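Listed after this line are the structures, all set down as structure tokens.
Below are two complexes that have subunit A in common, paired first with subunit B and then with subunit C.
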Partner chain A sequence: MNYPRNVAVLGGNRIPFARAGKAYKNVSNQDMLTAALDGLVARFSLQGELLGDVAAGAVLKHAKDFNLTRESVIGSALDSRTPAIDMQRACATGLDAINFVANKIALGQIEVGIGGGVDSTSDAPIEVSGALRKILHRANAARSTKERLQILASLRPADLKPSAPSAAEVRTGLNMGQHQALSTERWGITREEQDQIAFESHKNLMAAYERGFFDDLMTGYQGLSRDENLRVSTMEKLGSLKPVFGGPEGTMTAGNSTPLSDGASTVLIASEEWAQEHGHQPLAYIRDIHTRSVDFTAGADLLSAPAYAAPEMLARNGLTLDDMDFVEIHEAFAATVVMILKAWEDEEFGRDELGLDGAFGSVPRDRLNVLGSSLAAGHPFAATGGRIVASLAKMLYEAGPGKFGLISICAAGGQGTVALLESAR
Partner chain B sequence: MKLDYTAFVRSAPGKFIAGKTGLPQPTDLPRFADRPQPVLGPVLVLGTSQAAEELAAQLLEWDCDVRRHADDLDKIGTIVVVLDEISAPGDTGPIIRDMPGAFKKMKLGGRVVTVSRTANSDDPHVNAARAGVEGFVRTLAKEARYGTTANGILVDDGVSLRDPSVIGALRFFVSAKSAFVTGQTLRVSAEGGGLPAVWEAHLQGRTVLVTGAARGIGAAIARTLVRDGAKVIILDVPGAGSALSDLANEIGAIPLQMDITAENAGERIVDELTKRDLTLDAFVHNAGITRDKYFANMDEDRWNSVIDVNIAAQLRINDALLASDRLGDDFRLVSLASTSGVAGNAGQANYAYSKSAVMGMVAALAPILAERGGTANAVAPGFIETEMTKKIPPMQREIFRRSNSLKQGGLPLDVAETISFLCSLPAGGYVGQTLRVCGQNLVGR
Partner chain C sequence: MRIEHERLPSFGETFTAAAMQAVRVKAGRGASSLPGTEARATLSADPEKHADFVHLVGDTVTDHLHPGYVHALGFPLTMSLLVQKDFPLPLLGMLHLTNRVTQSRGIELGETMELIASVENPRAHYAGTLIDSIVRVMVDGEEVMVDTAGYLVRGSDLGGPRPERPDREEFEPGRATAVWSLSGDTGRRYAKVSGDGNPIHLSKVTAKPFGFDKPIVHGMYSASRAYSATGKGNDGPRDWFVEFEAPISLPGKVQFATTMVDGKAEYVGWRAARGEKPARRHFTGWVE
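Our next item is the complex of A and B:
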């Protein structure tokens, strides 16, 4: 795509991701997003600055948090007049929030903004039953205490059963792991292929921490200074885990599936003019972001949309997979990554699904998720896009001029959002 | 019940009981916010030398009510005794003849400052006369009441008493910023530095990095440096990240998360400065830890971790800074020592080693930095009211609080004020010294 103006990623900030119910169990989405914003504000001296827009969102969100991002901005050190928008596209929320801000900058509507996301699985909203909700609404509208008591008296014990949040797809009743398990079997993905992805993810993330890569991308929070899920693992250890999806013969385990987690991330995006005026060196340019979906209700693989979205996006930019120096495929499950890689390498998929002459291409493993990804870091749904964009931008900057990076994020509802970044020097 | 001695003795019944029983009654010390004017007047300047005249003129310049005789004064804010020309012990008597009467009339938070020559003369008569000043000033500090402090400025031969470092020390000691510094001497051993353009913002235009800045004394240092006009970089470990960014946002400082014990911490600091195109005018080694245990029970890990954070990391960072082109012309290095390092402290063998080591480090570093117009000095806090000292058992804490001439613990602000002073341009003549901020703790000099 040729944007009217260059859109620069100047940097990012996230809080370390925590495992569900652990380090961040007592903090809210708003607390985490505010902390992530404040860390970014501090690093880029944005105290009291009036920014063009802040876009973020959460997938698991309380009804009272309808204006979550704006509330977080007010609570941050930014100028409280900075506007903010809440967005949501399942796990692609963060990347799409970034796209929203990037497009505004590209069009000259704003000069600088922040995109990001937050999610807490520890503080997931719990809904009351439909019957209880109706009774409460009626009681609330009652004109007298007597009438109110009469209405409340109609409550039955079964009405009090809360409905816990469910990751199940509404249209199929299957949760994401179950869906991926079907795909995993269909694509003939082995346990070892998945465990290898998981092993590399932890190893690479650990190495990145050790060389201090995240020191200027992360702000410690609630006593946590690195992702809580990160551990030293071995293939043997990963191989010893029992399957959690796909039945007793399944290959997907707690080790090669992403854990539920809590966290927030933010990315500072600006026009080149703004960056220069404020003395910040752009790390990378956002060249394109693209979303498409697959019809999983008709049998398509639920998490396969990026396998379509990336070829479409690269084609319209006149690039191929071989031009990509880094490929970041979000690891909802290790099997998802393998599935996407296999699809791209598959001649038939290339011809029938992508309309190419043959296979789309192959990703050398040394270009894949070189900083580790969701399996090791964790995956607070809406926070994942910001994590990847900021890390990849810094990696591209380190790699030098003319380097390209591809981001792929799969999302519920058969959706996929992909992004193309180019190093800024 | 929570034991708060200070609050108790300040209450009416507490005051009564304390008065009858001779319990220590600490005075509520006026700090800079309480008394922002540079000098508490009237000022009595004693001394017969040319320097006495010049220092009186300097105090006049600071809009002070300056007197050369105490006769008609009911109350006195500050006494400056200039003893630079004494050449025999007997010379002091005539100069301080009126001083006992004046010393009786000191206001709350009064200041006594002596200005004399360092006792490094070859002549026994001269040296005896000069050396006596130190015992004199330390005794005044012990006798002073109502928050009055007494400190001495010792000026080496060859250094003018009009030197910026002498003026800077005078300004610091007479101000409310030195509320918890008493019974101390500061030696001016070189000419250097300069006077700030604006005294009220004596760090204007200077960039200072503070380690361990997320909370406690470090945060107080950062706030004070910003108040005094500095651009401040605050460094702390990633685990303290959100406290660090909150402070950065509060005071407009630049946050830098890193572990100073990393092998390449110094290089990474230099990289960060280069990236931001900054030159450092001062570096404050504040980060420190304690891992207390009686020495008989001290394991290697406890020993090593304290040594690594409190001294080894500082040395590595200094080496990287010295090898870089990121130090300004009037660079000031200030490191946090401790009275534990001066006198030792049961249960703190590792800590005391590291803090003594800090004093040794600045002593050797100072001449190296002097070649490029820089200085290195240390500050040794005594008992300071912090989160760390809150963990000391109450009785023991009370004893620590009372074992100094001001009968109370100091505040993080008191340490911060001294550091701000040592980071300033006029502090160019103090070479490798350790200045105590301890209310004249009973231990050590």
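Our next item is the complex of A and C:
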């Protein structure tokens, strides 16, 4: 896309991601997002700075957190007059929040902003049942104590059962893993293909930590200094795990599916003018971001939307998959990554689904998730976009001029958001 | 003398001792000095309890301890000194009038702290004797925090001849920046996160024998919440002061205002005027 002006990614900051119910079990979404913001503020000397906007969100959010991002900004070291907005597009929340800020900068509405996200499965909101809510409303409107007691007497034990959020799709009743298991089978994805993705993810992320790649992208929090889920794994170990989705014959395990996680991430985005005035070197430019959905209720693969979104986005930028130096496919499940790669390599999919002459293309494995992804790092839903954008921007900068990177993130509701970044030097 | 605590004494233990002491000590008659005992304990904050405290007093959980929580950690040590047999003043009925915390740096969650409590500096007050309960917080041999609580022991002459009661200055409330709606269980909730289970804070029934028709909120709840509201954070050198005036009955509404004056956040909490009843100030203080 030809943006009216360049949108630069200057850097990012996240807290290490934790496994559900572990390192961050005592803290809230607001605590984590504030910690990630304050780390970014410290790194870029933004104390007391009035920014154009801060966009972030959480997929799982308490009702009282309706202004989660604004509350976090007030609690941070930024100028308290910095505005903020809460956004949500399931697992694409972080990337879409970044898009919101990027677009404002591109149009000249603001000079600098922060995009990001946070999620906690440890502090997930628990709701009361609809039946209890109705009874309480009626009791509230009662005219006498006697009437109120009569209404309350109609309560049944089942009405008191709290309901926790679930990862199930409302219209199909199937959760993410069950949906992916159907797709995994349809695309004939093997256990070994999936375990290989998981193995590489841990290996690559570990290597990135060891060379200090995250030193200027992360601040420790609550005693954690690296992602809690990251481990030294082997193909044998991964191969020994029992399937968790797709029945006893299934190929999806806890090792090749992302764990429930807690964490937060932020990305600093600015116009080139602002970056120059403040002495910051842009790492990458955001060239385009695009979202589309698939009709999974009619049988399309729930997590396949990025397989459509990326070709559409690259086409309108006059680019192909071969032009991509780095490809970041969010590892919701290892099988999701394999499915998207297979779809792009598939002649029939290219012709029938994408309207191309043949297959869209293939991704050399040495360009795929080269510093690991969600299987190793963990996946606090809304925090994943910021993690990937900040890492990819730095990878592009390190790689030098004229390099391109593609980001693909699948999301609930059959959605997918993709992004195109170009190195800024 | 020095008392070494293997673990922090529970509130129940010290409170029972205080009740026994109340029978024994009558406002320090005859005594002319404090015994000069120290109580020490080495500990680190429990992350879960700290997070619960921080959330209750309206702050964000960072990797640094809320100074109000450090005060709560030191409180049992102070209690253990006040209930010693040779301590000449009765603990029951002591009034927490002021609190000052000076920090040379933020204390990180997980750092091992040595807490050293002492009771010092008896001096005259128009209503009795003022004493300072001091908790020094050491990390690796370096003093990082000093928490000084000023208590009034009514009726005691230990501090010397009592001066005249000064004229009370008129209180003209300004405009509130926030209103705290405190529910009836605020004292119980703060007792849970701070460990201070003094009956005057818990319920109508338990407050009654101590002369309160309704439970009153912990002074350090108000102070800690005010501290949080200033947004100064817990990460650096800090100086925090509070002076308590009229207690806050529960349930209750507190008008609160904080203003920034040259980088110093000043705050005040009060009860709004109602009909004939004038506004009453609950507390004032500052953070810088």
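A few remarks follow.
Just so it is clear, the second predicted complex is superposed on the first by the 410 of 425 C-alpha atoms of A that agree within 3 Å, B and C clash if a C-alpha of one lies under 4 Å from a C-alpha of the other, contacts with A are read in each partner's own complex, and residues count from 1 in each chain.
As a working rule, a residue touches a chain if its C-beta (ideal position, glycine included) is under 8 Å from a C-beta of that chain, and two chains touch if they have at least 3 such contacts.
All of these numbers come straight from a predicted model, not from anything done at the bench.
In this superposed model built on subunit A, subunit B and subunit C take up the same space, so to speak, and clash.
Of the two partners subunit B and subunit C, more subunit A residues are in touch with B.
Shared-chain residue A:Ser80: touches subunit C; no touch with subunit B.
In the superposition on chain A, contact is made by A:Gly223 with both subunit B and subunit C. Within the superposed three-chain model, A:Val27 lies in touch with subunit C and out of touch with subunit B [touch as defined at top]. Using the contact criterion defined above for the overlaid structures, shared-chain residue A:Thr190 touches neither subunit B nor subunit C, since it reaches no partner.
Once the two complexes are overlaid on the shared chain, A:Gln47 sits against subunit B while remaining clear of subunit C. When the shared chain is aligned, no partner comes close enough to touch A:Ser362: not subunit B, not subunit C.
By the touch criterion stated above, A:Asp38 is placed in contact with subunit B and with subunit C alike. When both structures are laid over each other on chain A, subunit C collides with subunit B only at 384-392; the other stretches in 132-140, 150-158, 312-320 or 384-392 stay clear.
Subunit A uses residues 35, 38, 77, 220-223 to touch subunit B in one structure and subunit C in the other. Only residues 15, 35, 38-39, 41-43, 45, 47, 77, 212, 215-216, 218-226, 279, 281 of subunit A touch subunit B when the two sit together in their complex. Within the complex formed with subunit C, the residues of subunit A that make contact are 25-28, 30-31, 34-35, 38, 72, 74-75, 77, 80, 220-223. Against subunit A, in their complex, subunit C makes its touches with residues 47-48, 50-52, 55, 59-63, 109-110, 231, 233. Residues of subunit B touching subunit A in their complex: 237-242, 244-246, 248-250, 252, 254-255, 257-258, 262, 264, 268, 275-277.
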